[in-house]
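Here is the structure we will look at, set down as structure tokens.
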Amino acid sequence: MLLRHLQNVRREIALPASKRAGSLALRHVDAGSCNGCEHELAATANPYYDLQRHGLNIVASPRHADVLLVTGQITIRMVDSLRRAYEAMPEPRLVVALGDCATGCTMLGDPRQLAGPLEEILPVDLRIPGCPPAPQKIAEELLGLMRDMAEHSTTRRAFVEEAITPPTRDVEAIDTKGAKHA
Amino acid sequence: MPLHSWLPRAHPLAPAHISALMSGVMIKLALYGLVRVLFDWLAPPGLWVGITLMAVGALSCLGGVLYALMQHELKRLLAFHSIENVGIVALGLGASLVFADIGQPRWSAIAFAAALLHALNHALFKGLLFLGAGAFAKAVGGLELDRLGGLLRRMPWTGATFALGAMAIAGLPPLNGFASEWLTLQSLLHLGLASQMGVAFAGALATAALAGTAALAVYCFVKVIGLVLLGLPRRAECAQAREVPVGMRASMVFLAASCVALGVLPGLLVPTLAALGPGRVTLHEAAGLNIPGTGSLPTLVLALALVALVGALVRLARSRRAAPAPTWTCGQPPAAGLQWTSAGFTKPLRLVLEALLRPRRELRVIASSGVVEALAYQAEVPHLFDTLLYGPVSRGALRGARIARRVQSGSLRTYLIYLLALLGVLLALARTGVLG
Amino acid sequence: MTLATLAAGVVQVVGGVLGAPAIVGLIQHLKARLQGRRGPSVLQPYRELRRLWGKSGVTPEPHTFIYTVAPAVAAASTILALLLLPIGGHGPDWGLGHDALVLIGLLALARFAITLAAWDTTSGFALMGGARDLMFSVFVEGLLLLVLVLLALPLHSTDLLSMSHAATLPEVWSRPAHWAAAVAFCLVIVAETGRQPVDNPDTHLELTMVHEGPLLEYAGRELAYLQWSAAAKHWIMLVLACELVIPNPVSFAAQVAVLGGGVLLLSVALAVCETVQAKMRVLRVPLLLGSGVALCLLGLASWFAGGGG
Amino acid sequence: MPALKAALVERVTAQDWRAACERHAQAGGRFCGLFASRGSQGLQANCLFARSDQDHVVCAHVSSGAIDTLVDLFAAAGRDEREAHDSYGLRFAGHEPMRPLLDHPVEPEAWTVAVHGHDPYQVAVGPIHAGVIESGHFRFTVVGERILHLDLRMFYKHRGLQTAAEGRPLADGLRYAQRACAACAVTNTVAYAQACESALGLAPDRNLRRARTLLLELERLYNHLNDVSAICAGVGFAPGAMAFAAFKERAQRLNQRLTGHRFLFNTVALAAGTLHIGQGDTRAAREELKTLDEEQRRLWRELQFAGSVQDRLGDVGRLTREDAVRLGAVGPSARAAGVHQDTRSESPRLFYGEFVPATPEYASGDVAARLDIRRVELAHTFAILDELLTISFMPGGVKDLDAPPNGLGVGRVESPRGETVCAVQTDGHTTGRLHLRTGSYANWPAVAHAARENLLPDFPLINKSFELCYACADR
């Protein structure tokens, strides 16, 4: 009965097969979002979008990931963890800013608690705007990223680049930066 | 098994090389006595003796490894493994007797050879492990498992040979423990194929017990290697540990080499051992073990293939590596307080076997004014034979009459009944075997 | 060496080394379909392996050579285990023999290497998964040996080739002992391949992991080894089921056909089973396996009741 | 349904603070949060009590920087006091040890409960979790699989929204309240709007009350569907998870059609209504909700008969009624433990009529009960929505309440996770202090308590059965 219901759901939605499936492993970090981007990112797994059919998977460890998906305004309490996640990833590694907060369009909050926009902390390769971006939009953008990586393997941050040391800044400096943005 | 209680207590007290001797020789002396009595003087001793020996063996190998798993002190843990291994030897000897009785002299000889080979192997790897333990004790002081760690980097020789010994005792291919356990398992398995129902049941149960024992031994030595050799040092002495002198290292390397040699070439020894057995059967001599009725164990090829493949795969995987980064801990800075303890690693099993092991645990909340200040946790796995058998007896000697009330109240009783019932079942099985 | 043996060797290598990921892909795809999704293609695991092959490794701290060697040991022992498998009742002698216990020993070695690597990096989640895996293995190995006893009964041999031959005997299905072994072996398959209800291969939650836990610290090619090994374990278990448990025709070609069909069918069964069942509580799993032990003993009793001895 | 009254403010001295709070509790007041604020005369401690007829606020000026603790009277005050201590430097005499909440010291001793003994060690999870989960840190003290104690470290997502709102026009505050959490955006903004309106002596008219009720129930609908999906995923039952995820998607698409936003953003305004839904749209929405309701009812039967699912739920993560009351748990989790409280039944500013709180079949307080309460509440929500959507929606407004503006307003709204309390101190037409205590904030201690003595692999399930937001607890 439940399975039959799901078969009906599948037939109703009738998603087309993925034209050019590939393989891309995503790791999500919530650096201070309002939970909206998380809900929409999780929604990309439901039968209406089924991101998995393109070979896009959310993985359990940054060690397994190609892409770091960052959501939210970067808070001072999350900035170190965010850097650790990036450092834990094998190369090549990309950073995607998901949603208006992460892309730096919204700075709402107490500047003393925020560490500044994502691009000042990690090199951002793709920005997905929206508050929050719709699942369809997320799916399209990530799919585009995967195809770009497959087509121009040169645009990958290549092996040869030695381990990227993220810019180190102390908390005081971040505070004043944050204040400017607010 | 029930008479072993002195062993785990004696081992930690004795110095390492004495321990090595104790497990290597003293236990073997007892076994020698047993073999003499059963195979020479009483021969043929009858089916029930073989079955009983197997029952005792199964009980002591499962019990030994189970309690070994719960230990916190390295030498005590190794001592419990001696009980386990003697149990395995007893299983082999028992199987040999049973085979002799049901008219399969060939398998009787193989089982006998298996038992002797395992006894020899045990002397080698247990000696190696005790020497290693001694080296660690010398380097860092204590052998509390939860207070060691990270010693493989500081003591590469001792560490590597100790790890090898652990692999051998855990019965992993291509080392000697695997060869003798394979032989023993094959004999028990073929006992399970016997045409007498009682014998077949005994064989099948013993096979399952030994398989479980082998898996438990792997579990246990993953824990031991992990706690002692790997991870971060858990106290300052471990971080500054020094490798032991060459003499000690040499003896360990020698024992380790013997473990490898006997693992790779057991076939050179097994026919000789089999010829010593009751049937005086001669087996075909080869590097590996090629026994009809099995798929054969070509130890040499297996070992070579493993080494070659591992080497090739490691080479292939040697790609560029990202910059060193601490172990991923969900974005937290790594901290020593997060290292696992011995009890933690074995907890899943302890929870599963709660009814059997009867761990005692207690959690107290220390709170005043509505804020929880601290919690206090206490737990231990009592040694059933101590608490159920020797405890009451010694207490009984002191307190006479009160013991009757003790035994009647509470859970002790149920467990005595379980043990008695188990014994009864085994005896019944043996009887049906006799009749069948 | 006969033609059949040669062909069996080819299937061993090609099916095991190259075909195994397709089983995982098929299960993944079917599960997605059953869940109302379109799902990834059957070939997805290959794409993932290729992606991992192109990635760099990582250097966790602390680690020793054990971390580096463990994936290779796991993959190597899995490869050797592949070569022991009978295919259609045949199998070339690679010099490794065809012993059932050697196969189990090799799988134990792989497990040992992976769980030991968990201690090496001190990753708590790896240890958690490792501890659970080892706990299950105690019961799985006991059960597996009992199944082997039952399967070895007809021809009195633990040689996988003769056990496979026993499955071609005409009276195989009329023996309750064989039925008991078949059911118990299903439990072994589920436990060994890390499928629901024993383990949830799709989980992203570290706290609930069993088999995925020890993989968390690996990246790049080493991770590819481990993922391949996990896939190859599916192949090993399913081939064993087809060769030893499913009644087989006598001719080699027909047996290979049964093997192919059987692997497909069992993959479908695994996918369906995993979809309709929730994961079990971790501590209930030994109970499940224990019921398999009881079943095996009943099977053994039935063997004697039927005068099979 | 109580009559509409503005909150009653009682100002006491620091010495009388504790006695006054005790008096309120004895008079039947339900403790609903405590917060510090900085007024013209220095630090001020404020404690909120809900009574059946009216909200009460006890305010005390703190001149010495310290005030008596309430933590032994109300365990739920513990977190509030820690936050007040960290963000305002207010000290609480008798609250020992005062563990930091906002501050994140490195040493675990500083913020976790010490567990003495040989075997226990800690397992740390987060702040970055595997999967798509918000950031928060769980420090389990365990022996192997068994959880002895759980310490939560939150505020990783603390964006300082409350302090950022200070000094800005009252209408601006809506943005901050909305941004606190997307999944509770309507609840938070309605609570904020109610607080402001209460402080200004205004009351919503019928249209506005209807519109806000509709939005709140739409929010509850997609959240509850999401929670069911999450619980199914927690036990590894993918078909259930996917089916309910699809329902949630449909509910969110309905939100989009009715209000132009999947999360109902920017639908609540201060002292005014913006929602305009014509007859045709309401009819279509009713139809859609009807089919959704029928389908989800059918699937509930499936869930109840799926033995392997039910097997996982019983007796896991149990929260007793006493603990729920003591820890100040609210919402579905408290009702699943047998606490008969739902703010919807005491919301004169909304359109709930004679609402009766839902009760589960067995108020056993475990995961099974928390799943079941959602089934019951979903039925209520569908019924309320159906009723509301029979007529079209016109923008509403406010009318004057015959109470003078008193500078402090309280709004209480039932969110999908429990009672959200918003207190606003006005400073003319700007915000003086915004305090938002959401249902999630109140429930987190209950999660930590319910996790005790359970197995580690069951924790994700327990956590998901509460399904709290981190964002609205951290703000």
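In order of appearance the chains are A, B, C and D, and numbering begins at 1 in each one.
Quick note on the criterion: a contact is a pair of C-beta atoms (placed from the backbone, for glycine too) under 8 Å apart; a residue touches a chain by one contact, two chains touch by 3 or more.
Quantities reported herein were computed from a predicted structural model and do not represent experimental measurements.
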Taking the mean of all protein C-alpha atoms as the centre, the chain whose own C-alpha mean lies closest is C
When centres are defined as mean Cα positions, the distance from chain A to chain D in whole Å is 28
Could you state the distance in Å from the CA-based centre of chain C to that of chain D? 47
For chain B and chain C, let me know how many angstrom lie between their CA-based centres, rounded off. 26
Mind pulling the residue numbers of chain B that touch at least two other chains? 320, 322-323, 325-326, 328-333, 338-340, 344-348, 351
Where chain D touches two or more other chains, by residue: 123-125, 127-132, 144-145, 239, 242-243, 246, 306, 455
Multi-chain contact residues (two or more partners), chain A: 3, 5-6, 9, 29, 47, 58-63, 78, 81-82, 85, 88-91, 159
Is the chain-to-chain touch network here best called a line, a ring, a star, complete, or other? complete
The residues of chain B that touch chain D in their complex are 72, 146, 329-333, 335, 337-348, 350-351, 363, 368-379
Contact footprint of chain B on chain A as seen in their complex: 29, 61-63, 78, 80-82, 84-85, 87-91, 159, 162-163, 165
Interface residues, chain D side, partner chain B - complex: 69, 71-73, 75, 78, 94-97, 106, 108, 113-129, 137, 141-146, 148-149, 455
Can you tell me which positions in chain D touch chain A when the two form their complex? 104, 127-128, 130-135, 155-161, 163-164, 175-176, 179-183, 185, 226, 239-240, 242-243, 245-246, 248-249, 252, 262-263, 265, 295, 298-299, 301-302, 306, 469-472
Complex contacts: residues of chain C adjacent to chain A: 32-41, 44, 47-48, 50-51, 55-58, 203-206, 209, 212, 215-220, 223, 275-276
